[in-house]
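These are the structures, in structure tokens.
Both complexes shown next keep chain A, but they swap its partner, so chain B is in the first and chain C is in the second.
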Partner chain A sequence: MFPKPLEKSSRTWQISYQLLLPFALILWLLPLLAVANFSIKPEADFVNGNYWGLPSSFEAFSNYGRVFFDSNMPRYLLNSLFITIPTVIGAVALSCMAGFALGIYKFKSNLPIFFIFIAGNFVPFQILMVPVRDLTISMNLYDTKTGLVLFHIAFQTGFCTLFMRNFIRALPFPLIEAARVEGISEWRIFLYVVLPLMKPALAALAVLIFTFIWNDYFWAVVLTQGPDAQPVTAGITEFNSQFRAAYHLMSAGSIVAALPPVVMFFLMQKHFIAGLTLGAVK
Partner chain B sequence: MSVSPAVSSPHASLPEKGWYKRNEIAITPWLFLMPAMIFFTIYVIIPIGQSFWISFHQWDGLGEKTWIGTANYERLLGWGDQNMDRKFETSFWNNLRWLVLYLLAIPAGLFIALFLNQTVRGIRFYKSMFFFPFVISQVVVGLVFGWFYLPNDGLFDIITGWVGIDVKGGVLGNPNTATYGIIAAGLWPQTAYCMILYLTGLNAVDPEQVEAARLDGAKGHKMLWYVILPQLKPATFIAFVVTIIGALRSFDLISVMTNGGPFGSTRVLSFFMFEESLSEFGFRMGYGAAIAVVLFFLMLGFIGYFLYSMYRDEKGAH
Partner chain C sequence: MHSILKTSLAALVAAGVVASSAAADGHALAGELNIISDMSNPAPRAVMEGMAADFGALHPGLEVNLTIVDREAWKTQIRNALGANPPDVVNWYAANRMRPYVDAGLFADISDLWAEPAFEALASTKGAMTLDGAQWGVPYTYYQWGVYYRKDIFEQYGLEEPSNWAEELANCQVLLDNGVKCYTIGTKFLWTAGGWFDYINSRTNGYDFHVALARGEVEWTDDRVRETFANWRQLIDMGAFIDDHQNFSWQEALPFMVNGEAASYLMGNFAVAAMRDGGLDDTKLDFYQFPVINPDVDFAEDAPTDTFHIPSGAQNMDAAKEFLRFVTSADVQTQINGGDALGQLPVNANSSIDDDKFLAQGFDMLSNNAGGGIMQFFDRDFDAEMASVGMEGLQEFMVFPDNLDDILERLEETRARIYQ
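Coming up: the complex of A and B.
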């Protein structure tokens, strides 16, 4: 193990390490702690210039209450949910199938197709922007959740297919051969042999895509306009212009907007990290 | 030419076996690939080509496109008797700043990973809390750092005030510092990402090699450089890929923190392109597409290298 395990280090380093850990963490998360602090302050604190000190009174309920009952925030949150969930389902479903095809079968164009999916991942969004916006408008889907969902599914399929294909590659192939010898049809092999083994990959991809899509801002701005379809990342700017310079409300709004992926991450931490670090270990 | 009935009988006993059944293994992969390929072609492959096409036109996004040849590129890059578009110049140099400074996330992530790679009580909690910033949307990160950088009232200004430094107009209000302020905000989540890559990598480092090296007297940075880092190569590769792509894609932070200002000093190509195509100054889609194409070619160098490395691994695996 590297660096040297703590148990084998000197007593002084052991103690200082234990002290250093919480200190480093607080320093690292200082920006977040500051916003959390902002969001429970009364407005008067900002008027009096008490930005970074302790709140003079505890106003979390009224601040968060106003975010939920006095703004479009709940609508934006719902929009985000209705954009994110279908995208997760769609992208995972498409890439399961594509990953199965590329991971199990040997055919000439297998690798080229696989690399097209990977390459598409790295492309700058901007080169897709004008045509995709145009296409969405011509399908009458501009400023709708469906328009965003369709694009997100398509784009995320690249990354998801890379992920799924590599996962399926690592499954024991004799299992599939055995099923073939039994005369089981190919789509049944997918459904009853491969799919059950893919559960960890499905979970990892689902949380990852959830986070990516929830946090997307660029496409939200390009493909949607108002509170009817905009997700919370884009909505927060409207929210902020509504409460200009009202830091206690802006910070409460930001925390609400950021929360769902955070909850997701803490609930499914293992899968999340397994997904993100795919390929980091050979 | 007679075929022995003993051999042909198992097939002959299945005369109902249709064309699909006979070709099942050849056809199935295409059926499974079809939906993904259709989506990907419509929304990713074709638009890339269309952007190239649009970049040779003048177009407001609504009316007819007018063919103007390479005029967009001439204006952008300053070919012929024109000067290079000033905004493009700023954006390009800012992109380079992003690229170089963003890479700091890799050593920083490695440093934190080494710091946290212990087995004390509660370390799992610490690891996930250190990773936390990556999960938060960049929009929120941008807002938070914007408040941190506020002139006079911002924590940054207060702290630098103690040592007698005063950034005029606040970090984000000063054209000399604004881009660096945004990059610093971007480094926060990116470092967290690199950290988690390295933590996973460190987990898989071969303990026997480390022990053997230790017996040979290796320790400290020598051990890190000659024994540990070579084993962390896959993690480093991915860290490079995601950091470079992330640096060139930077958009959210700039849009939220400065909206390209002050005086356009924080523009990068991705933001510049968006601004030209969809800003209140009018929809210059053709010019925007030309910028996107230039950005695409800048990235293509990196993409090509990444794909080549992956392709090599893929060939090696067979």
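Coming up: the complex of A and C.
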């Protein structure tokens, strides 16, 4: 299941591994490094064709300053928060309850309902573009944060329910039976018995959904426009004027936009990996 | 900016320039004025919001509702917007781009506005706003195209601004002999090649022929079109353009000029800001009008024009027309095209422009030296599908000029299919 520990392999392999690792790492990070480099360059470097060299002058302060103080970027970042956090709360709350019902109760349509949740994950979301856009327009939710949040919750709940149902299935069932014997209502069993046991799953899922939604670009472009509702991923293009692409500002904006998920990842690394493997390995 | 605009407007009203329009209406404007604008980039957005607010302040009885739609999205949304529950004023583009909506009866005929004396100041674009003998909209901004060149390189090799094709070719030969390319261009996104075709074709065969070709009335395999390509090929065969230009966007082609590997760039005025950022100040950068090829035809210039139109289903026609008078008035055009706003050229000949060498030359050129007519650029003058097939052909021609026969056959097939 796990790769063989490095210490057990031959000395030559260990050395070549250690030599190759930095190369692979740099190759892997090259696009990101380029964006980071672009973000501290003056605009003149792009007109002069100095794409890959060192910045001709160090403009980090002015570039990032403009991103934060001279653009709608803070607004877009706030929008992203206002879209991502309600979505995480909504999707996780709904899927906990759905997962509890599907994982604990035995009823006839249990499996079919569960399969419907799973099947939703197999729908390529791009084909929903036109109907969803029309729906949000006719519900007067087009170009609002609410519209985006509702759609994200609806679409993420399928995956979350699969995740939660399997997690709850794996909990020891006798715990619930014991609670029932004590005469505790089902609602309280969910709140006081099952929910505390689901903490690792909750954390893992929340981190996962946070990054999914924060990084969403497609729906942000389809369902919103302008600084009133658009999240940061779509708002970065605001740095482009009608004729020119402002590479330096877009790069700085991208770095800023990418930071929250990265910070989230480092703070919650344990949960993130748990989220990806939970249920995959018993 | 707003306060300046308001002050100038107050002056305008006091001067009685609007008096004629006020008299025409005879009553204060009331009700709602619904505007849908595609000025979605930050600076144009601020301009549009400012204009709507100022117009509302001028007409307290009128409720001005402004909706701003993403500029790209608007290109597909306009048909819907004009069809069902149309607003009173919309943004669009001049010339052939109006054709689908004029043919479908979705734009209102505003020839009566153009007949007013105040509109004589907009004469330079009247042709571009005219289809089927009537006018369908008003311009609010445009910008010139032309050859931007490195003055210092020209001086170094003792070159003058060329005024005809022979001088142009001679200049180019001198530059090439000294290891400098004559022109930088980036054709990755195709449209830049369209500018070259517009100029060489209109200088070879004249504005009327160019427009006829754009309307699909002339075959691409016509000998006159071949003559255009033969002139263009002279430059290509000399090696006048930078190598591998199909790999660059227009911005990525700038370094060749900034670093002195190429001497000039046929481009729109928006390129000036980028070149200045790259360190080319006014001592190194200059502008000339594309030279004469055929002395029998008058100058026609590319000056893509952005416009306002009234949908034929507009509810508040009086207010809409008053708004069009407002946006075309000299003072408003001066304000919205200023360096702190759109930074382009006002169409109204009575407007003043910012103190900028290139804007001044462009304004003078378009107002006084474009007797042939104003072209709207290849992808606006030609039918959209024809333009996209056409620009692919132009790029291919620039890279493989020997394929010309194939390319023209292909364009002719497309033309026959689209315009039949």
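One rule holds in what follows: the second predicted complex is superposed on the first by the 263 of 282 C-alpha atoms of A that agree within 3 Å, B and C clash if a C-alpha of one lies under 4 Å from a C-alpha of the other, contacts with A are read in each partner's own complex, and residues count from 1 in each chain.
FYI, a residue touches a chain if its C-beta (ideal position, glycine included) is under 8 Å from a C-beta of that chain, and two chains touch if they have at least 3 such contacts.
Quick caveat: nothing in here was measured; it's all calculated off a predicted structure.
*Asks:* So, does A:L27 touch the first partner chain B, the second partner chain C, both, or neither?
*Replies:* Touch partners of A:L27: none, neither chain B nor chain C.
*Asks:* Is A:R244 touching the first partner chain B, the second partner chain C, both, or neither of them?
*Replies:* second
*Asks:* Of the two partner chains, chain B (first) and chain C (second), which one does A:V181 touch, if any: first, second, both, or neither?
*Replies:* It touches nothing on chain B or chain C.
*Asks:* In the overlaid three-chain picture, which partner chain does A:G226 touch, first (chain B) or second (chain C), both, or neither?
*Replies:* second
*Asks:* First (chain B), second (chain C), both or neither: which does A:G49 touch?
*Replies:* After superposing on A, A:G49 lies in contact with both chain B and chain C.
*Asks:* Which chain, chain B or chain C, is in touch with more residues of chain A?
*Replies:* Chain A has more residues touched by B than by the other partner.
*Asks:* Could you say whether A:F155 touches chain B, chain C, both of them, or neither, answering first, second, both or neither?
*Replies:* The first partner, chain B, only.
*Asks:* From the superposed pair, tell me which chain A residues show up as contacts to chain B and also as contacts to chain C.
*Replies:* In the superposed arrangement, which is not itself an observed complex, chain A uses residues 49, 240 for both chain B and chain C.
*Asks:* Taking the touch rule as given, give the residues of chain C at its contact with chain A in the complex, in rising order.
*Replies:* Within the complex, chain C touches chain A at residues 40-44, 68-71, 73, 251-252, 254-256, 258-259, 268, 270, 273-275, 277-279.
*Asks:* Could you please specify the touching residues of chain A with respect to chain C in the complex?
*Replies:* Residues of chain A touching chain C: 43-44, 46-50, 71-72, 225-226, 238, 240-245.
*Asks:* Using the touch definition up top, name the residues of chain B that touch chain A in the complex.
*Replies:* It is residues 24-26, 28-30, 32-33, 35-37, 39-40, 42-48, 50-51, 54, 61, 114-115, 117-120, 126, 128-133, 135-141, 143-145, 147-148, 150, 153-155, 158, 188, 193, 196-198, 200-205, 207, 210, 219, 223-224, 227-228, 234-235, 238, 241, 245, 248-249, 251-252, 255-256, 269-270, 273-274, 277-278, 285, 288-289, 291-293, 295-296, 299, 302-303, 306-307, 310-311, 314 of chain B that touch chain A.
*Asks:* Report the residues of chain A in contact with chain B in the complex, numbered from low to high.
*Replies:* 1-6, 17-18, 21, 24-25, 28-32, 34-35, 38, 49, 51-52, 94-95, 97-98, 100-102, 104-105, 107, 110-111, 113, 115-120, 122-135, 150-151, 153-155, 157-158, 161, 185-187, 190, 211, 214-215, 217-218, 221-222, 233, 236-237, 240, 247, 250-251, 254-255, 257-258, 261-262, 264-266, 269, 273, 276-277, 279-282
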